[in-house]
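Below you'll find a set of structures to go through.
Two complexes, one shared chain (chain A), two partners (chain B, chain C).
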Partner chain A sequence: MIQSIPEALSLILTFEGMLVLTLGTMLGIILGALPGIGSTVAVAMILPFTLTMSQAPAILLLLAIYAGSVYGGSISAILINTPGTPQSAATCLDGYPMAQRGEAGKALGWSTIASVCGGLFSAVVLIFAAPQLAAFALNFGPIETFALILLGLTCIVSVSEGSLIKGLIAGFIGIFLSTVGGDPITGEARFTFGQFQLIAGFNLLAVVIGVFALSEVLIRAAALRDGDTPLVDFDGIVLPKLREWKGRIKGLVKSVLIGTGIGILPGTGAATAAFISYAEARRSAPTRDNFGKGEPDGLIASESANNAVTGGALVPTMALGIPGDAITAVMLATLTLHGVTPGIRLMTENPVLMAAIFSGFFVINLMLLPLGMLVSRMAAPILRIKEAYMLVMITLLCTVGVYFVRGIPFDLLVMAGAGILGFTLRRQGYPMAPLVIGMVLGPTLEISLRQGLIITDGSFAAFFVGHPIAAVLVAAAFGILSLPFVRMLKNRKAS
Partner chain B sequence: MSALLSERRVVSLIILMLTVGLILSTFGLEFSDLGGAFSPMFFPRIILGVLLVLAALNVVIDLLANDTAKPIELLPVMIISGAFLGYVLLLPTVGYFISSVCVGIIILLALGLRNPVQILLVPVCSAGALVGLFNHVLKMPLPNSPFFWWI
Partner chain C sequence: MLKYSIAALALAACPATVSAEGFPERPINLVVPFNAGGGTDLLLRAFAPHMAEALGGNAFVSNMAGGSGTIAAGALAGQKPDGYQLGYWSVTVATVQPQIKDVPYGVDSWTPICSVAASPTVLFTQADSPFQTIEDVVAAVKADPGKYIYGSSGPGAITHLTAVAAFSGLGVIDDMKHLPFQGSGPALQAMAAGTIQFFGDTELLMASGDFRPLVVFNSERLESMPDVPTATEVGISAPLNELYLWGGFFGPAGMDPEITATLSKACEAAMNSDGFQKFAADTSTVLDYRNAADFDAFFRAQYEANSTLIEAAGL
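What follows is the complex of A and B.
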């Protein structure tokens, strides 16, 4: 795949390619800065616009939105003490106190440089690690694929914030929804209950937009805050001087490594990485006493780690077709919508596309620096926009998005239903990321299980006897699944 | 709602009952009897079986736990949900622009906005911008109104 990079670069370094990357990154920063929208909603909202594009620009636009929004979250975290995305929650701890001291520009300077470093390093890891992982997985048959998907599904455990049972329920609802429609082997209709529109199954995009974006509108409508947002004085980003970096490089490297490593693990996410990195910096930094009072080391730790997660999370997504979280699940859904089959053969079948995505991701992270400086000035006044206006715009955008996928009004009803279902479930503590992960991985899980059983004459035991890789993967899956229970028992014992 | 039938418990019970209903429905449907992994219901039954166990466990957990869900303003949510359902049903008939402006106005009113200029301007501008972008720039026409050919 690395050999395809020059060809891929010729695709990116065109007027259209650079325009997509620039506009995507700028839009991502603005959407990320708007509190409550978050990276997943931002990516889901923009996804429909990619339908008019060819494969590489479409994926690159969404990657730009993804990376831009993770960085953009720090703008509102620093300027109004409200993280634009959950990934930036740790940034508030030191970013806002700096802004209150009149150092908003400096705080954003540190966060910009840290984000760029984190993103660039993770892009390099993505370029080199993903092909190796994909090459290893190339000899996988249906049984190994089934075991791999099973392992991928265990990331539901880590994205189930709050209740594991509720997370698993959401995940299984997602897998069940993926079975609605034609059977992949016999072609017979399942669970359509006489509705011919359901023969093709639920439109994944309608469900994704419904459970994330539309349910977000309803949740925010239920808890709408009124009044204007207090904004600190801000005249633009002030980049840190070279001498100010003295003693901070080690912390930056450590945070970038933590972020990338955590990103590769399915399901952990950028918010976790930011807090782990922040906690580690607070433990080991010589300036630890100033943490929480506006210490740049704290900002560097959280921002470099959360941006480093972006590239790390794409490693299992692109190499194995396993989304680590909701955002990467939406990315895989985009590939499907553009006629690319996600999975372990993605890299060998589409080397140029993959190389374009990887090198494009590197370029996006490079562009974060100038665009961050430019857009943060523009984003600051946008933060004052009334929440009610934003909800109207999100609603109208969602509708357009879903309508354009197939032009079927039934999909709009599915989106409305998914939105109401998402609102009801989220309100009761059911996370939505497992539902989407289940829906994305469900079809591959089903087909690989059934093919595997046909090969082994219906014997589950034969799955593991002649297939050591599958046995190891399934053992790892059960190990991950049992972790929360082991932790619970340990806590009980300790208390 | 009584203390026993809290919102959370009702949702858990609905999930359980729906799962039971779906499992039962798999036995009522007729498929070509190929048996084993060839059967179209082979995989859904496994998934629904696991879901049933999880849903039952969830009901027990929710019955034992205290319901700590914070009370919320349900009226705007219900109005917006209803308006949105009406919107997606009407959209193919009255066109994107008119239905979008109507739903935008309802959302803003439900959220407590009372300034008539803002209430009218925001939906008109948002829907108008999207119609302009999709119909004229991207050349991906949105559903047209039967009353005005240009929107």
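What follows is the complex of A and C.
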């Protein structure tokens, strides 16, 4: 693998190679920033264009689109509170408050550097340890996955600013919404009330855009008095100074590790990684009390983790030939179309191509920095529009984005409903992040729990016998859940 | 006023009487019932330009994912049968889902146009598994009821039905457990980890990992694996002995026979084009053309045959 890198570089450092990487990354950032398109659709849209290209540029173009789109989602999340994809939903939590405070440029600076760090680290992991990590990830069966997701759900506690009860209620609403649709084990339709369209459940993107972006539009519209102030003040990315990194490196490293690790596991993804990493930062960062109010550490946590997932997800894909999600499945399909047999022998049979893919992936992540600055610069003039017009534009963008994914009008109703629900709940002081977390993690929680119960013949106790990883993760989850109560008791004693 | 009304009525009536002559006048929408990037999506994106050329018009692909393909099929059923919207349904979308879920379409909702692909399914185990033959498997399951698990990419999917056809046909299904996953990728990872022992899919899978085929659900042995017995050979009786992952184009019921014939011929020409033949060879897609009449008969027979399988699967 490593000895093939020099030869691989001669494939990348050509005019065609660099052109593909630059244009691909830039296009990926733009597609990711537009709500609704997201990584999977972006990659699938570009796929037909790769058919006439040779092997290495074709797959590098798709990788560039992939990495670019995951980063691009953070631009709209920070500037207009509209996550381009569910994976940047956690970025809204601190990114948008920073932007509202007039620090949009700084927020994007943090998110850009964090994304680059996350992507680069995961690329290094991919180059040096893919086969070993892929083998280790196989230890994560349904029971371990259930324990991990349970731990992830405890982040609802930490993102519930204000009221823990309200946060839990929002979280349960999210989990409940995720149970609507086909039963993952029996295939039966649940909670559809005879509505055929609900057979596939609520579209996650429609709900996320509804509760974040549309509800924000409604709240702003309700408070609209003087229409002359622009929504956010933004003139381009302001990169963080070196000394501002003081005390934040540890959090960055932790988030990057979480992102890469979760990326390697099957059946999870960038949205899960971003939320779990955000929750961990919120639990342990020295600045935790500022989270949710525009704290750079929160941005670093979510953005470095979701970009680290990109490299992590490629680990099982390239080492085992088994795609963990829809995007990596497209990558493997592309290889097939170019006459490369994906599978367990992929790396041994095509060492140069694989080295080219991995080193190209490294270069792509380096390019995120200059290209991210360029693309968000282009967004700046748009943001100077009057607030009222801006709100209309956001609504339009959301509508087109949600409709674009499946072309089903019903999804627009879901978005509108989620927007009104979000508006009502937010006015009553319910946080929206737990709702989205519940919806993102709910399906994996359910299927892994029920798979586990099938394996153990219905014994929940058997989850912890012979599954040490699961036992540790569940113990950690209960520890975090009891923390607020322990603190409450302590305060009571003190007073 | 009356004059205008009549003119308006005449205008409104125009599109309703779709003329076969001059078809197609506008682009044809080929609906993929799954997400962009999946196997069906790739197939259709490769197919569309050749279909367009054969028709002398335009054709484009759109995705409408959800509910194992039923969202798209439900949306297309009952639409105007003008030939401008065609769905590419697989065996599960067309014959399995309507028998296990409450969906707004059934066997009579369609005008079958042409079949495009059909691959026999194969039951696999991991290459390092102790089971050399299907007889070993049956003996082991009988000796240790409740121990062995077969996986699938989801309830009612072709991967599920393959395992059901095998184990129900061999009479051991009640001694085994079924573990559905969300997609084939996670299921195959679970097989590599040893969580599940068996998985069924098309032979395409053989290339991508270290698997050992146990039995093929085809009328005869496959060229690519001549040593693997057919289901009939190991004692699995009809209708469980043959199972194919097939797919083809359907329009809403009640299409003009001339338009159906035009589309069916164009479909054949597109499938025979050099470009699509190359795609099929590159992706090991087994092409299987049937014209509208043959496909209609095949589809109805499959609908019947699969009801046995659905019952055996307990769906």
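FYI, the second predicted complex is superposed on the first by the 277 of 495 C-alpha atoms of A that agree within 3 Å, B and C clash if a C-alpha of one lies under 4 Å from a C-alpha of the other, contacts with A are read in each partner's own complex, and residues count from 1 in each chain.
We take it that a contact is a pair of C-beta atoms (placed from the backbone, for glycine too) under 8 Å apart; a residue touches a chain by one contact, two chains touch by 3 or more.
What you are looking at is a predicted structure, and each value in this text was computed from that prediction instead of being measured.
A.B. asks: In the overlay, answer first, second, both or neither for which of chain B and chain C A:Ile199 touches.
C.D. replies: Only chain C; A:Ile199 stays clear of chain B.
A.B. asks: Touch check for A:Leu218: first (chain B), second (chain C), both, or neither?
C.D. replies: A:Leu218: touches chain B, not chain C.
A.B. asks: So, A:Leu9: does it touch chain B (first), chain C (second), both, or neither?
C.D. replies: neither
A.B. asks: For A:Ile454, select first, second, both or neither according to whether it touches chain B, chain C, the two together, or no partner.
C.D. replies: Once the two structures are laid over each other on A, A:Ile454 reaches both partners.
A.B. asks: Could you tell me if A:Thr186 is touching chain B, chain C, both of them or neither one (first, second, both, neither)?
C.D. replies: In the superposition, A:Thr186 contacts both chain B and chain C.
A.B. asks: Please indicate which partner A:Val352 is in contact with in the superposed arrangement: first for chain B, second for chain C, both, or neither.
C.D. replies: Neither partner.
A.B. asks: Contact-wise, after the overlay, does A:Leu396 reach chain B, chain C, both or neither (first, second, both, neither)?
C.D. replies: So A:Leu396 only meets chain B here.
A.B. asks: Check whether A:Ala471 is in contact with chain B, with chain C, with both or with neither, and answer first, second, both or neither.
C.D. replies: neither
A.B. asks: Look at A:Val124 in the shared chain and tell me whether it touches chain B only, chain C only, both, or neither; answer first, second, both or neither.
C.D. replies: A:Val124: touches no partner chain.
A.B. asks: Across the two complexes, what residues of chain A are contacted by chain B and by chain C?
C.D. replies: 183, 185-186, 188, 454
A.B. asks: Could you list, by residue number, the parts of chain A that touch chain C in their complex?
C.D. replies: 40-41, 43-45, 47-48, 137-139, 141-142, 181-189, 194, 196-197, 199-201, 203, 266-267, 316, 320-330, 333, 336-337, 339, 341-344, 406-408, 443, 447, 451, 454-455, 457
A.B. asks: Which residues of chain B touch chain A once you look at their complex with the stated criterion?
C.D. replies: 7-8, 11-12, 15, 22, 25, 29, 31-32, 34, 36-38, 40-44, 47-48, 50-51, 54-55, 57-58, 61, 69, 72-74, 76-77, 80-81, 84-85, 87-89, 91-92, 96, 100, 103-104, 107-108, 110-113, 122-123, 126-127, 130, 134, 138, 140, 142-143
A.B. asks: Would you pull the chain A residues touching chain B in the complex into a rising list?
C.D. replies: Residues of chain A touching chain B: 52, 163, 165-166, 168-169, 172-173, 175-176, 179, 183, 185-186, 188, 190-191, 214, 217-218, 221-224, 226, 386, 388-389, 391-393, 395-397, 399-400, 403-404, 409, 412-413, 415-416, 419-420, 423-425, 427-429, 446, 449-450, 453-454, 458.
A.B. asks: Within the complex, which stretch of chain C touches chain A?
C.D. replies: For this pair, the touching residues of chain C are 35-39, 41-42, 45, 62-68, 70-71, 74-75, 100-104, 146, 149, 154-156, 177-182, 185-186, 188-190, 192-193, 195, 207-210, 279, 282-283, 315.
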